[in-house]
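Read the structure below first, then the notes.
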Amino acid sequence: MADTRSTLLDIDGLTIRAGTRDGETTLVDDVSASVGPGEVLGLIGESGSGKTTTVRSVVGLLERNLTVAAGRVSVLGSLVCDPQHADFARIRGRHVGFVFQGAGSSLDPLLRVGAQLREVVRRHRPDVSRAGMPAEIEQALAGMGFTDPGRIARSYPHQLSGGMRQRVSIALAMVAKPELLIADECTSALDVTTQKDVVQLLTKLVSDSGVGLVFVTHDLILAEEICTKIAVMRRGRVVETGATADVMRAPAHEYTRQLLASVPRW
Amino acid sequence: MIKLVATRIGLGLVTLFIAVSGAFFLVHSSGSPAVQILGESASPERVAALNHQLGLDRPLVVQYLGFLGQLVRGDLGESLRYAQPNATLIMERLPATVELAAAALLIALVVGVPLGALAATREGRLADRLVSAVSLVGVSMPIFWIGLMAILFFAVRLHWLPAGQRDGLASLVLPAVTLSALPLAQIARLTRSSMSETLRQQFITASRARGLSAARVVINHALRNSAIPVLTIFGLQTGLLLSGAVTVEFVFSWPGLGTLATNAVQGRDFTLVQAVVVVGVAVFVITNLVVDVLYGIIDPRIRDGRV
Amino acid sequence: MTAVETRRRPAVARGWPAVIGFGVPLAVIVLLAVFAGLLPLQDPNQQNLANALLPPGLDTAGGVHHYLGTDQLGRDMLARMVYGARLSLMIGFVAMFAGAVPGIILGLVAGYYRGWFDAVVSRLIDAQLAIPFVLLAIAVMATHARSVPVLIVVLAMFSWAPYARVIRAETLGLREQTFVLSLRSAGVSSLGIVFRHILPNVAGTAFVLATLQVGSVMLAESALSFLGLGVVEPSVSWGAMLADGRDEIVGAWWIAAFPGLVITVTVLLVNLFGDALRPILDPRHRGF
Amino acid sequence: MSEHHEVLAIRDLTVRYGRAGTPPAVDSVSIDVSRREIVGVVGESGSGKTSIGMVAAGLWPATGGSVTIEGRPISPRMPRRDRALVQMAFQDPNASFDPRQSVRGGLRELRRLHKERTGWISDEDLLRRVGLDSVLLGRLPHQLSGGQAQRIAVARALLLRPKLLIADEPTSALDVSVQAQILDLLRALCRDEDLSILFISHDLAVVRSLCRRVYVMRHGQVVESGSTDEVMAHPRHEYTVKLLAAIPGNFGNQKLDIE
Amino acid sequence: SSSRTGVLRVVAQSEPVTLNPVYSATSDVKSWGPMFDSLVGTDRASTEPDQNGLLYGWTRVTPTAWRFKVREGVTFHNGEVFDAAAAAFSIQQIITDPKAPLAGNFSAVAGAKPVGADLEVTTKEPFPALPSMLAITMAVPPKAYQKEGGDAFGAHPIGTGPFVFSDYIRGATLETVANPHYWRGAPKLKGVTLSWSTDAQTRASFVQTGQADIALDLTPQTLRTVRADRNLTVVEKPIDARYFVYFNQKAPPFDNPDLRRAAALAIDKAGLVQGLFRQGGASVYDHFVGDLFLEKKPPAYPDAISHDLAEAKSLLASVPGPHRITFSYATGRSPNDDQIGAAIVGMLQAAGFTVTNEPMDFATFSERRNSNTMQATGLQIIVAFRDPDEEFRPWVGKTAITKNCVSAPYDELSAKALAEPERGPREEIYSQMEDLLINKDVCYVPILRYDGIWAMGKNVRGFVPPRFASPDYYEISVGS
């Protein structure tokens, strides 16, 4: 699993535009970032600053009216994402796990949770036998802090609470054991105890298996705790980037300072 | 469960009552079978005499109550023209119709759904337009024309298949394909529209992000989520085909229920018409039950429905 | 590493040309139908038995051109095609609407409210569908003088139920979605939810059904003509012409082929036009 | 305790999904919210918080118990006029928008419906209050970022000037500065506009800064309740203790020191 | 279905409701015909009654009583003996059973009974057409018939005919096998298998693909196809099927004879034949008598009406308008009937009438006709048996179904004709009647008569086109 290549994800000068009624607007402007094995990149920043848009472009799943206007994105060095050739299919799921923001709507409403997990395992995990399938699924759910994974596997998405759905979609991304995991606000609906379980699982994965993680969040405290480096976004641009400790203790940009100042103090 | 089935049966009976009453008053509003039995040159006196013998000169309400009474006892009555139990007449024809309709629906489904899915995934592109054009030919061309052309080409010219009559599997091909044209088009079109809707939803994007193959996403997620309108139209066709097969049965001299029903209507064979309607309703209520249960199976949210 | 390049323009961008491309021929058909009287055409009902069944071509028969040939009674096919467009388009569209409007409303209301109303509507749908169309047509036509309005009523009665059933089924699913809850919470009335929110969300399906229905209705009209229940001379309609040509299909193919062809073309145009129009009408396809 | 001092009174509420016999999602819960009060509900994922909110907003029937707002009983069958009394900001904001309706369209519809209650603010100002630009008015739900959708959901609820706002994780997708702005807005509305809030959240810091009283839920039951400071300083229930211990920054024994 | 050698596969138009000849319309003989013999035989060349059938050697004992000899040694398929009692029973059944369509034609027959070995038939009035009528009356076995009842008998019929009922799958096929004990000797065929196909084009396809040996009752439209097929023999021959128009003399506006005449003048019969049947299959039909007995030269009436649009117009103009009429006809009953109707409407319109076109299905048509609510009516009929009386009886005078052409002279002439024993003078009387009806009163306008069309494989031999109804399968053989 450990990769000899230095970068799992390399984003270079990414610019994304949206076609709107009054011409084009730029949603993501010249963004660069990289993630190596065992690294956790925290993508933080203002709501609407383009975090989701940036990370979705990595797997080639932008909304229809958005286009990549400039820049390069490479995943796992040799695996190249070229929208013209729709090569994303090779990396999606298997090499890059992706947890969508709004986990509630990223589950198929008509399939039981277990069936959705099974589908992914079957696709990406040839090592899991038929007989081992239920155990694998229960394990993936248990890892997400579910005490009753059997019941969850038998439930339909609408029978779960918001936090439960969010955990299910993390499990769906993790169960394929990808080298790079992109998690877009994956803990936002979790209570702190559950959040703790999930975050611990993620950090364990990073440190033990050398997985790279892109962690999009607005929770600065959480970011500080788990990220090795941080990129702060505002209005489509990365305003500040660096090692977590540096950014947190000595924010260079005015916006970062402002952000840190408004963290509710415990 | 038992309660559900019981209510269903109850509702089915209501449908039966409405349809059968409707049919009763509709047929009785026009003409009498007596002239059909007695031919062109029958005198009014003889027509009246036969009407009397058939009990058609009784007040309508009396006839209606008599008919309902019979129905309650599970008796479909006796055909006025054939002088045979309607049940027998219908059962003679039902297998042929079921065979034809099932084959046609199967073709419509097996061809229509993939076509619609293909069109939806290629929305606005050439493949989409082609699928539209091809599938629509089925809705816009008269069935008799398709049927006759099929006969002239595949039976008379090429001698590949028989020109009609029910005689083995080969004879089923042309009528079934002809009959499938309309449902095929409807199914393809609805699959396309419903699927293009589904493909826009986030969970589809999410499935793709999970690395599932395009085919898998379409088959396992998009199709299922688009299935309800398709299923509905499918259920509708099951019922419509019973009487909708008339033209095909006509062109291919297929000994099905459609011809019997049309002849019954045209010959004003009241009791037979009513019996056919009863059978139609029965088929309908059953398919409807299945379809409604399937809604719930396909979409668990409907099953757990909010109030 | 390859540059990440601009994505292909979405299909929507090609919407308008398609709308125009399919809309213009459709408009031409409609205009021809409307202004048939102003065109240098023969009387569509002028019989000339001596010139019956002339094949299409540029030849002249008795000083008159019959470019599309003549029918069994020697009437000019071209004139009949143009005049027939009037009634056919009217029947197609009016019957489609007359079926669609009640069908969609009933389907929406039944699917949304469920309960007794749904039970009643569902029973009616089933009952309607279980009664053979011919029976209905014969009964109505036998008790009413044959006229275009009566014909349209019959055809509408034939077409409302499929809408109702399909729309009801879709509504059943939509009403369980969170946004409906949110609207309820805002105090939006059930009718408001049904017509302002559920309706736009089932419009795609309704649209497809309706465009399909235009063709089915024209063909159903033809079937009625064949049973002797359709439009009556001197009215001309494509469906009736098709029925007339039914027996001649081998010997004098043009009598059925031309009306068949225009029905096919019209239905195709209506559907393709609808396909092209739908993304433009649907806010979500517009991209902003 | 007179009913009339309470804006929201939930008594012995039980909510059960599916067949009788399955364990209830909400089990005999009582919650009160007084005028201008912000009451927090925290608890484990799946503990029944949203379920309570749904019932209290009159969107889901109670299996047992009662809910009243200003003395008026709440149920899915309540009169339409009363609906404006209680508004809910949904946990999954995106799913709570009609996918075919623009932001402006949604607001316009509410204005038409409740003319007398919605005149207090223009669309532009409303969006500004929740920190959003008015260009978003023309957007469709799927074109909003997560945080934007969430704020619009809150704004939409506030537009009707409800007596009670049920806010289900209203700031979970917001960055801290925006979050602070929203919390300030909520506080201001409670102070000036006679609003009361049932604030469902998992963010204990937010709850502590916003709510005077808090209910802690687990497995469908209220395991602890009382003044926020009290509960957070001296948690009695074992689960509350766990909860507090799990706050990021509290674990790993690193006290945060942010300035 | 592969052809069993020696079995003739026939595809007919419509499946009868019953195979009981007593309950069947005469046209259904195409289906049950092979199993039955008519009481009186028919000469194949002249199509007149002959002396070679089950009954022969008849004499008219009084103007209203007939005596027939009964052929001996004939048995029904079930072994029952055919005798005078059986013949009497077969006639009696038609007279007494209200479901017997032929009863109308038998209204003049009082009864039949065996007298010794002979059969005696008595009529209420002189009825010269009796032998012709018995030529369409089938012999049924009294014992079996009474035991089963008419309805059950129709499910597995028993006759004396050359073929024996074998199997019947309703809607699909009716199989019969050769009767080795047939009284005229065993037939050449091993059997006849019937199937039905409503669509003429499909019937034609069946003989083209070899799925059937003979297709009955093809339409003019199919002629081109079958004629072009070198593997087929096509036979076209006039049958006794005709189309006519009648007016309601009792109700305005056709109570005015000038209007009736104008309408008759407006109809271009030759045009109809030429335009609608140009590929063959119809001829102008002008007279009852002459056309019924084609061998005879039709009489020329001095007042005969022939197509003259100008005269029609001027005649119409002389009557104060408006001339609003409704032309009603049944469709789907005979070749081109919808087209004929529409064409006549067009012709009437061209003459200056304002015409409402009223096509309808047959049941509605019959209802309306019987209640006499139609002004001008088009109708096709196939005469059941060839006698002038058959033409007049249902339409004219006191026996008419519609009371359109009712006046004393008709009844007087009719009585006179029936009483006339000699054929020649009798036809004279009918000629007078027809002149009155068609040319003077203009109550009835004969339009056209159409041909029967049959197509068969080259291996079918011995086919003789029938005047109506069924081919005689007895004489047919199939080669290989």
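Order of writing sets the labels: A, B, C, D and E. Residues in every chain begin at 1.
By our rule, a contact is a pair of C-beta atoms (placed from the backbone, for glycine too) under 8 Å apart; a residue touches a chain by one contact, two chains touch by 3 or more.
Being a predicted model, the structure only gives us computed values, none of them experimental.
Contact with chain B and chain D alike is made by A, C.
The central chain here, found by comparing per-chain C-alpha centres with the mean of all protein C-alpha atoms, is B.
Counting C-beta pairs in contact, the chain pair with the highest total is B-C. Taking each chain's centre as the average of its CA atoms, chain C and chain E sit 44 Å apart.
With centres set at the average Cα position, the gap from chain B to chain E is 38 Å.
Taking the mean of the C-alpha atoms as each chain's centre, chain A and chain B sit 50 Å apart.
Between chain B and chain C, the centres computed from C-alpha atoms are 20 Å apart.
Counting partner chains per residue, chain E has residues 201, 361, 363-364 touching two or more of them.
Shown for chain D are the residues that touch two or more other chains, namely 17, 76, 92, 94-95, 138, 142-143.
Counting partner chains per residue, chain A shows two or more touched chains at residues 18, 21, 63, 65, 102, 105, 158-159.
Chain E makes touch with chain B in their complex at residues 1, 11, 17-18, 23, 25-26, 98-99, 101, 103-105, 107, 150-151, 154-155, 169-172, 195-199, 201-202, 205-206, 208-209, 211, 361-364, 366-367, 370, 379, 381-382, 384, 394, 399, 401. Only residues 59, 61, 89, 91-94, 97-98, 100, 102, 105-111, 119-120, 123-124, 156, 158-159, 169, 172-173, 176 of chain A touch chain B when the two sit together in their complex.
The residues of chain D lying in touch with chain C in their complex are 54, 57-59, 76, 80-81, 83-84, 86-88, 90, 92, 95-102, 109-110, 113-114, 138-140, 142-143, 153, 156, 160. Chain contact summary for the complex, chain D toward chain A: residues 17, 42-47, 49-51, 91-92, 94-95, 131-132, 138, 142-143, 145-151, 168-169, 172-180, 202-206, 208-209, 242-243, 246-252, 254, 256, 258-259. Remark: chain E residues 200-201, 219, 221-225, 268, 271-272, 274-276, 278-279, 330-332, 336, 338-339, 342-343, 345-347, 349-350, 356-361, 363-364 touch chain C in the complex.
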